[in-house]
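In what comes next, subunit A is part of two complexes: it sits with subunit B in the first one and with subunit C in the second one.
This part shows the complex of A and B:
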């Protein structure tokens, strides 16, 4: 083994990450039964929405969405939602309330990296499970088949990764407000409630009242769910739509990253002052 | 009868203590009330969105569905007030062995575990839910007969019994799967489906909600009583389902409890 001084910072960082991911994955493996329940919990909302829209579309297409169109859309929602879920605010809240933040602050690596490793270790296998279910379902149920277009699928993967990053930073930065208030998780819930409509969780954005859909365009909500889903279902077609979508993702990623950095730097100082 | 009286005395003492404890956290009341109002508004907007694209959901009009939504909120309030803080804590007790302290007490264990805590502030959800139902009922422009009101009271009680039985069933699984700590999430997931009349779902899901996970009996039936969709036969069936669900869950509880060997056993 080479002495620590000769290692590049990057190599150290990479090894730390690998270790964080490994331990997160092993913890998840221990809780696989609980994870199965969270998976069921995650897919019921899109299934219920699909059930209702399926009945509504009995008499014909609803603003361009046929029954099959709804089926594909909500399978996409189930997948993208699983890949972009954000629960970190609740962890941060607990860490700060119960003092578990203290030992995390003494580590040579910021707590956000532990959270990122957690997220990757959890979402990669669980999203793969949902994808597998989708593939199996499409064998028996033609309605949920989507055409094989490698180019589109690759762009969808990029959009999903960006969406996961935005939603993660959004949840994490909001959660860090726990440095100042005990109700930071309520703010996350508020955003979660609004995302029912603005992210397209309950219906495709084109079915919302036009004014609401218009407001959504100026926020990050559509970029964390609706945009990747609509790439998958084929609703995004023109290069202008792609450009707008990816540009929106890039802008909101930058904004939430900046907000995270501000809240983290100030919050840590504030926390030290209180606990010191 | 003597056992019953004693149980009631115990219950009163517990809830009184709880009440005094909760009075210290009045800020929580405001927060929980605001939260409930927010989610109620979101739920009503969701229904409004559906009704932008359809004149009816499974044969129910907008205000009919809102009547149901209020009942859903009231039942969710019962869950948050009594069930989640009480029997919802069972898996933790089984894992840690704290159930020992329950079993040695001279009261029925299921009774004690189920009703030991009362998160009084969440009773506001019940009141708010019933108020929404009442308002929506007025909007439907119907008149209510005495028989319908009685039918509503009975079927609402049945709904509480069914929800309670589902909780007892799910939580009893903790005796087999000690490591599973989020069994309550399974209830939350499935109960979401009770937001809408069961007739609004496609056949396969409807079958699931009526026969396999009987949530159809929790909101659809009491709301049917208020919207003139309930006939005496269905009401009788509902009562039978409620009693059967309670009986089955009691049986399961007994079988499950036999497996308990305390922590490390």
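This part shows the complex of A and C:
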């Protein structure tokens, strides 16, 4: 009895991802109404922020940001945020609490791959919807148009993918703390609260009080939202800014990957010791 | 060929938080947590040969599921070792997981919102089953489990029994060598229970799969397993043939009678103990070794319309077995205490 086929490990892995993404996408289709509501909420938040800054900037530019500048920034926030969302901690928490982790641990694939496939399957279509809305809006509203620069857009895409990876690993590793505590999702909420300010979600980082902006520099938050958004809007210009941004992303990706590996290995051992 | 499952002195001890009831108790536990050690599984050893089906019996909380979780690599033992399909479950990794299936009757792995067919497709990819093998195995499982068009309905619309059949199919597409089933017929109606029993028996015959199952339904046990492991309070108390257990625990046979004439209870008492008397039906209990003689006498002496000799119901045997073993355990404890007493 030979359960594994003669295909290469890579072919099997590709096949696993294809089917994981397919089923995740089919499940998402079942929840299209909920997804529409989440999307509306995802867009509403930056629009509210934009509304506030729009009126503040009525008298002229705020720290270099004009009304149009804010509009482009918050459209960018809506897109990048949709592409980098992280919800896995809630799944992990539920699976461990309700014993649904068990069958995932007896399958010949680590549960993180299911989560990655799930993320790709959800974010690709939903981020595309937001991008389409942005393109349509720019037809009627010149303020949100961004210049066509293929080089810049390519770098923005790379930065968004890296940002999504950092935020995913951050949320996943924190979620895995559910192996020890029932408060893992509370920790994710706390990080979310901090990220509102420190990632540039409610205001561009350059408008934060200098001390807060300084603290943010030493954390991963600016790299998961502000940096890719500012590439898109044109605020990142010098090669030094690019280098600092991508280096920051690379470092935080490595850190969260390492943390994930540690938490996963130890969490699995802890789960094995105390049971689910 | 090595055994499919070998458990050697497996033990699992949990630290359980002790808490007094009420708010005061909760606050006290917060300030100063106290733990009590619970031996969920205590020094359990057994071996199961390839292709055998064995039932794991015991009351709730006896340690059955904990043992299965250790054998599937979900939990690691506090002490002892295990080998399943030639692998150490804890360190065997994906090659080990390819060779087993673990079905929990009260949990599901089917994608809730999608038809079971989608879970099958997903499992095919996850277990790296070739398309050709998948097609053959899927067809076989659909036939044996009478799945028909169930696999095209969303899993959430299926009845419990239908879902369980699909769960089994999903768990067997990679043709595991060793199958762990925890209460596979829990809560199912009689028909679904019967389908699953017939299926498991047939599947084992066809593919030589090893099955270790726990169940509260004795019909599962008698239909599927000739050998039983009885565990209580974490300790393995019996490992052997079901028929031997019956003979040992309950050395009686039951003679069920349908009489054509009216016979008084007192008259029947001459042949054995009357367990049940509702003319024209009666049930006699006689010592195992004299059952044949007693039946012959009954047939000669009385006008008997129907007679059958049966073992006492297995439920009763198990109940008696648990009762006895609990007594043994208590005696053990007493003995240990005596040994520990200062001279």
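Going forward, the second predicted complex is superposed on the first by the 270 of 276 C-alpha atoms of A that agree within 3 Å, B and C clash if a C-alpha of one lies under 4 Å from a C-alpha of the other, contacts with A are read in each partner's own complex, and residues count from 1 in each chain.
Keep this in mind: a contact is a pair of C-beta atoms (placed from the backbone, for glycine too) under 8 Å apart; a residue touches a chain by one contact, two chains touch by 3 or more.
These numbers were taken from a predicted model, which means no experiment stands behind them.
J.: Scan A:45 for contacts with subunit B and subunit C and give back first, second, both or neither.
T.: In the superposed model, A:45 contacts subunit B only, not subunit C.
J.: Would you check which partner chain A:186 touches, where first means subunit B only, second means subunit C only, and both and neither mean what they say?
T.: First partner only, subunit B.
J.: Once the shared chain is lined up, is A:209 touching subunit B (first), subunit C (second), both, or neither of them?
T.: A:209: touches subunit B, not subunit C.
J.: Touching A:124 in the superposition: subunit B (first), subunit C (second), both, neither?
T.: neither
J.: Given the touch rule stated above, what does A:27 touch, subunit B (first), subunit C (second), both, or neither?
T.: second
J.: So, does A:197 touch the first partner subunit B, the second partner subunit C, both, or neither?
T.: So A:197 only meets subunit B here.
J.: Name the contact category of A:66: first (subunit B only), second (subunit C only), both, or neither.
T.: neither
J.: List the residues of subunit A that touch subunit B in one complex and subunit C in the other.
T.: 30-31.
J.: Would you mind writing out the residues of subunit B in touch with subunit A in their complex?
T.: Going through subunit B, the ones touching subunit A are 31, 35, 38-39, 42, 45-46, 49-50, 52-54, 57-58, 177, 179-183, 185-186, 188-190, 192-193, 195-196, 200-202, 205.
J.: Flag every residue of subunit A that touches subunit B in the complex, lowest number first.
T.: Per the touch definition, subunit A meets subunit B at residues 30-31, 33-34, 37-38, 40-41, 44-45, 47-48, 51-52, 54-56, 62-63, 183, 186, 189-190, 193, 196-197, 202-203, 207-209.
J.: Help me check something: in the complex, which residues belonging to subunit C touch subunit A?
T.: 14-15, 66, 69, 72-76, 90, 94-95, 97-102, 104, 107, 109, 111, 113-114, 118-119, 121-122, 124-130, 133, 174-177, 207
J.: With touch defined as at the start, can you tell me which subunit A residues reach subunit C in the complex?
T.: 1, 3-7, 12, 15-16, 18-20, 22-23, 26-27, 30-31, 99-100, 102-103, 105-109, 269, 271-276
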